[in-house]
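In the two complexes that follow, subunit A is the common piece, with subunit B as its partner first and subunit C second.
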Partner chain A sequence: MKAYTITRDNLGAWLDALARDYTLIAPVREEESVSLFKPVSGFAEINLGYTNSTVSPKGWLFPQTEEMFFFSTGGDQITLADAQTPGPAVLFGLRPCDIKGILALDPVFNGAYQDCYYQKRRQDTILVGLSCTRVERDCFCTSMGGGPTDGGGADLLLTEIDGGYGIEVLTPRGEKLVNRYQQYFDADRENRVIPAREELGKKLAGHFTRNVDTTGLKEFLDQHFELPYWGELARRCLGCGICTYICPTCHCFDIFDQSPDGESGVRSRCWDSCMFSHFTRMAGGHNPRPTQKERVRNRFLHKLKYHRDRYNLDGCVGCGRCVTRCPVNIDIRQIIADLQEVARHE
Partner chain B sequence: MSNCRHNPLKPYPATIVKIIDETPDVKTFQMVFDDPAVMESFRQKPGQVAQLSVFGVGEATISITSSPTRKGILEFSVKKVGMLTSALHCLEPGTKVGIRGPYGNHFPYEVMKGKDLLFIGGGIGLAPLRALIDFVLAEENRGDYGKIDIIYGARSMDDLCFKYDILDRWPQMPGTTVYTTIDRAEPGWEGHVGFVPAYLEEINPSPENKYAITCGPPIMIKFVLQALEKMGFSDDQVITTLELKMKCGIGKCGRCNIGSKYVCLDGPVFYLSQLKQLPPEF
Partner chain C sequence: MSELMKIQENLRETARKLLANGEASLVIGYALGSEVSRVVPAFISREDEVDRLVWNPLCINNLAKYLLDYRHEPGKVAVVVKGCDSRAIIRLLQDNQITREKVIILGIPCPGLINPDLVAARLDPGAQITVAAVSKQDFSLQTGEGTFTFTRDEALLKKCRDCEQHTPVIADFMLGEEIPPNDPGDPFVAVKTLEELPVEERSAYWDKQFSRCLRCYACRNVCPACTCRECVFDQAEPCWVAKANNLPENTAFHLIRAFHVAGRCVDCGECERVCPVNIPLSLLNRKILKDMKDLFNVPTPGTSLEELPPLGAFTKSDPDEFM
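Up next, the complex of A and B:
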């Protein structure tokens, strides 16, 4: 695949051009230690120095709240009108773990029943990855089969190199984007982009504070649903749902109607969480996951087993967000290690 | 990548054409799609479910209780238990609603050919079974199946759903026996009194060349399964249909999973042998 280089100045000019021609979604520093992916109007708003956004960028493809369609029941008729969807967009500055998160969501919203909302946004959005330059305390992507410079799944991958950035073209769509703005790019004549990225990856691989081994874990969980461990873990869990809110692979949602006048309104969907008791509670009162033990178990089995059963993909990409934000320090890396320990004693 | 000719989350407009009061808290809604082409192309199989919309209130997953052999109309029998079902119960014939589906797998009616069928239902649990009962009893299919036994019970006489079927229509069908019971004796009831599992043991049907299909309250299902096992039914001869909270109906919203299976895609119909492979989270 082709590679290019771009100077810092040209990167700014290119991003300004992208913001003009597309909806540009990029990391923005909101306040101390909070960065979010948001639509920006130009380079000046973008913070490329972030390591990991506070909330995952999945929200561009699968918004926290999304209008699905409008209904009106005037007279004898009911009319349904599609909600507007955004047009061509560039999701810029995705860290490799979050690219992998999108790859984990793809099969959920694909399949026999296509989720048109996700599919439309996914199709209209060009993904531009950004290799990591630092490893955060809670990062563990290398334990989940990823790496801080593994941009597979993006259309383009940027890597900071001496004096600017290297850009690798990973898909034909990425190639088209580069060609459209070729005035900003220089060909990678000395072939230094890929070796520089690989070198960076090797360097960062040694910076992870904690590595975990998932070998054999799924096979163990296949055979062991009931474990006292889940009860112990659940005693700490507050059921606040922050882990599911910031997770790049959580995809659960609720569907709800709003109709101020009872005749017309909108049907929307919004993120939901398997950590909440009402998530599975039926109208008649029966709840198949009645306590936090079943709910905690469901979340971690979803990440470590169910997603693999259904899609042959890990349900966790090792971004570390849930580790950082959990108010009671529930740490999926520790859970993996603990379960391996439980497995050894079984 | 995208192949979205049809948005599965958008319901088709439909009209309630008739409402039948079954019990004090169950009504059967007959519905017709507003677009005849949609009505024609909606091909449900017995045991499948649909999402019913009351616009402004929301959606709920309801089993389709009419047989696909009955063309041009869909029936949904709905017990008033929650927000959406309460809203449905307030509606009048002529009201516009939405329907999307059909969703889920179906009763294995092909595999059942040549067999006797034993239906065991309790309360509103007869609703999903009724789609299959009327399918096998339909003139064009009746010859494919053997003897049909239906054991059905409810708390009281008032709580029996589909009285016109269980007391009148089905007993008159060839090769069909209906056993009806209510939990406690009451004036005016001359039939059997007692719980469904006990009545099942009393009737003691032979498992030979037979499938048993059951649906009802969880406690009834539990004891029915035990009784069937005692009578010698194998786990591959026993079929049930599950109900879990669903929102999308298409395997995306994440709440109706039992282990890695989604009830909306991989169910709602399960052989007992399949249920025993799943974690006990339903």
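Up next, the complex of A and C:
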């Protein structure tokens, strides 16, 4: 695959150009220790020094609230109108774990069942990855089959190198984007981009403070649905939605209508969370996951088993967000270690 | 032995006795978490588990709300509370959420807690704190790798900066030496600064905060004043606040919540601490707290069992200019 280099000045100019020609979504420093992916109007708003955005960038492809269609009734007619879709976009500066997060969402929304909303956004969005330069204390992507410089799944991958950034072209779509803005790029004549990235990857691999081993875990969970461990773990769970909302792979949603006059309105969907008690509550009042134990178990089985059952992919990419933000220290790395311990004693 | 370690010993012994003689069926306290900088709520029901209980400057969570999960248990539940958390116990008692006879309050005079991020930045995550001490100047944490000192000015947890009561206001067992309340200064400085801004700027300030709200409801779920069996925000019919995440709905969520806990918020600071996107919720609640003090001349809710919430009690001297 081809590689290019770009100077810092040119990177700024390129991003300004991208913001003009596309909807550009990039990491923004919102507050102290809060960074979010947001639409930006140019390079000046972007914070490329971020390590892990507070909320994953999945929200561009699967928005927290998304209008699906408008409806109106008159006489015995119902008229439907499509909601607006955003059009061509560039999702810029994705960390490798978040790219893997998107790859984990693809078979859910874009596999056997084609979700037209996700599909449209996915098709219209160019993914530009950015190799990590630091490992945060809760990062564990290498334990989940990823790595801080593994940009697979993106269209382009940027890596900070001496004097600017190296750019690797990973897909024909990425190639097209580079060609369109070729004035900003230089050919990687000395072939230094790929070795520099590999070198960085090796260096960062030694910076992970905690590694986990999921070997055999799915097979154990296949056989053990009921474990007292879940009940113990769930006692301290607050039942809030932090973990599911900041997670790059959680994808549950609810559909609802808003109609001020009861005759016309909009149907939307919005993120929902399996941690909420009413998530599985049925119309008649029955709740098949009646306590937090069932809910906590569901979330971790989804990450460690169900996603693998369905798509042969891990449901966790090791970004560490839930570890950082859980107010009661429900730490998936610890859960994996604990379950391995439980498995050893079975 | 540092005062903290004496308290930890005392806590373990008290818990052991309570469980041994059957006085309590469960002790809710703190245990070490997945990393050196983290301590977790722990639920101890066996004598041989009491040595898991710890007391150190990372014991941040307000454990009072967990009492709701056990209110229908036949036995008594013991719970560890700091000064701030103890106001939450009074909150739950006054709201008839828990029964006094069924709760054993293990009070710990707390000299202030440490910001766990600073601990994480300096200590090896796999290390274990063996000894902890707090002085007027600093925090000191001892692990297998040595002793780490943090100056109090730099490391004191945000919610502790305006601490009103180090010593619990209610307890069955006081596990350490009482710490007299210090003068934290004016807790409403930030509120007043915001109040002085023109309305457009104040509105813009809160718009910026609320627009990034995820509606994860962590603030509500952790709140000891939020005890409704069915929360207004979970109701589908009637739908008071839509599930849609946008500025108007998010604003409605936060303002309704602030008004629902008005006069009942004990200012424990947990809502702000748990917010994943750092919305300054204490500022919002303190604005109401300040108004309550101005209007009714009352202490912070939960300070005394006899002092009923001003909006939940009637007196002839209530201001009635709206009548």
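The rule is short, and it goes like this: the second predicted complex is superposed on the first by the 345 of 346 C-alpha atoms of A that agree within 3 Å, B and C clash if a C-alpha of one lies under 4 Å from a C-alpha of the other, contacts with A are read in each partner's own complex, and residues count from 1 in each chain.
To be clear about the criterion, a residue touches a chain if its C-beta (ideal position, glycine included) is under 8 Å from a C-beta of that chain, and two chains touch if they have at least 3 such contacts.
Small disclaimer: the values here were computed from a predicted structure and weren't measured.
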Item to complete: State whether subunit B and subunit C clash or fit side by side on subunit A once the two structures are superposed.
Response: fit
Discussion item. Going by the contact rule stated at the top, is it subunit B or subunit C that touches a larger number of residues on subunit A?
Written reply: B
Worksheet item: So, A:254: does it touch subunit B (first), subunit C (second), both, or neither?
Response: both
Practice prompt. Could you read off the angle at the CA centre of subunit A, spanning the centres of subunit B and subunit C, to the nearest 10°?
Written response: 90
Practice prompt. Considering only the touch criterion stated at the top, classify A:225 as touching first (subunit B), second (subunit C), both, or neither.
Written response: first
Discussion item. Quick check for you: in the superposed arrangement, does A:73 touch first (subunit B), second (subunit C), both or neither?
Written reply: first
Fill in: First, second, both or neither for A:284, with subunit B first and subunit C second
first
Discussion item. If we overlay the two complexes on their shared chain A, which of subunit B and subunit C does A:245 touch? Say first, second, both or neither.
Written reply: second
Item to complete: Please work out how little space separates the C-alpha atoms of subunit B and subunit C at their nearest point after superposition, in whole Å.
Response: 7
Item to complete: Could you pull out which residues of subunit A sit against subunit B in one structure and against subunit C in the other?
Response: 254, 256
Practice prompt. Spell out the part of subunit B that touches subunit A in their complex, as residue ranges.
Written response: 1-4, 7-11, 13, 34, 53, 55-60, 81-85, 96, 98, 218, 243-245, 247-248, 250-260, 265, 279, 281-282
Item to complete: Could you pull out which subunit A residues touch subunit B in their complex?
Response: 68-69, 71, 73, 76-78, 80, 82, 108-117, 119-120, 122-123, 225, 251-257, 259, 262-263, 265, 267, 269, 272, 274, 279-284, 286, 288-289, 294, 298, 301-302, 305-306, 309-310
Response to the item:
Given the complex, residues on subunit C that touch subunit A span 33-35, 38-43, 61, 66, 69, 120, 124-126, 212, 214-218, 220-222, 234, 236, 242-246, 270, 273-274, 276-278
Discussion item. Taking the touch rule as given, give the residues of subunit A at its contact with subunit C in the complex, in rising order.
Written reply: 30-34, 36, 54-55, 64-65, 137, 209-210, 232, 235-236, 238-242, 244-246, 254, 256, 258, 268, 270-271, 273, 276-278, 323, 325, 327-329, 331, 333-334
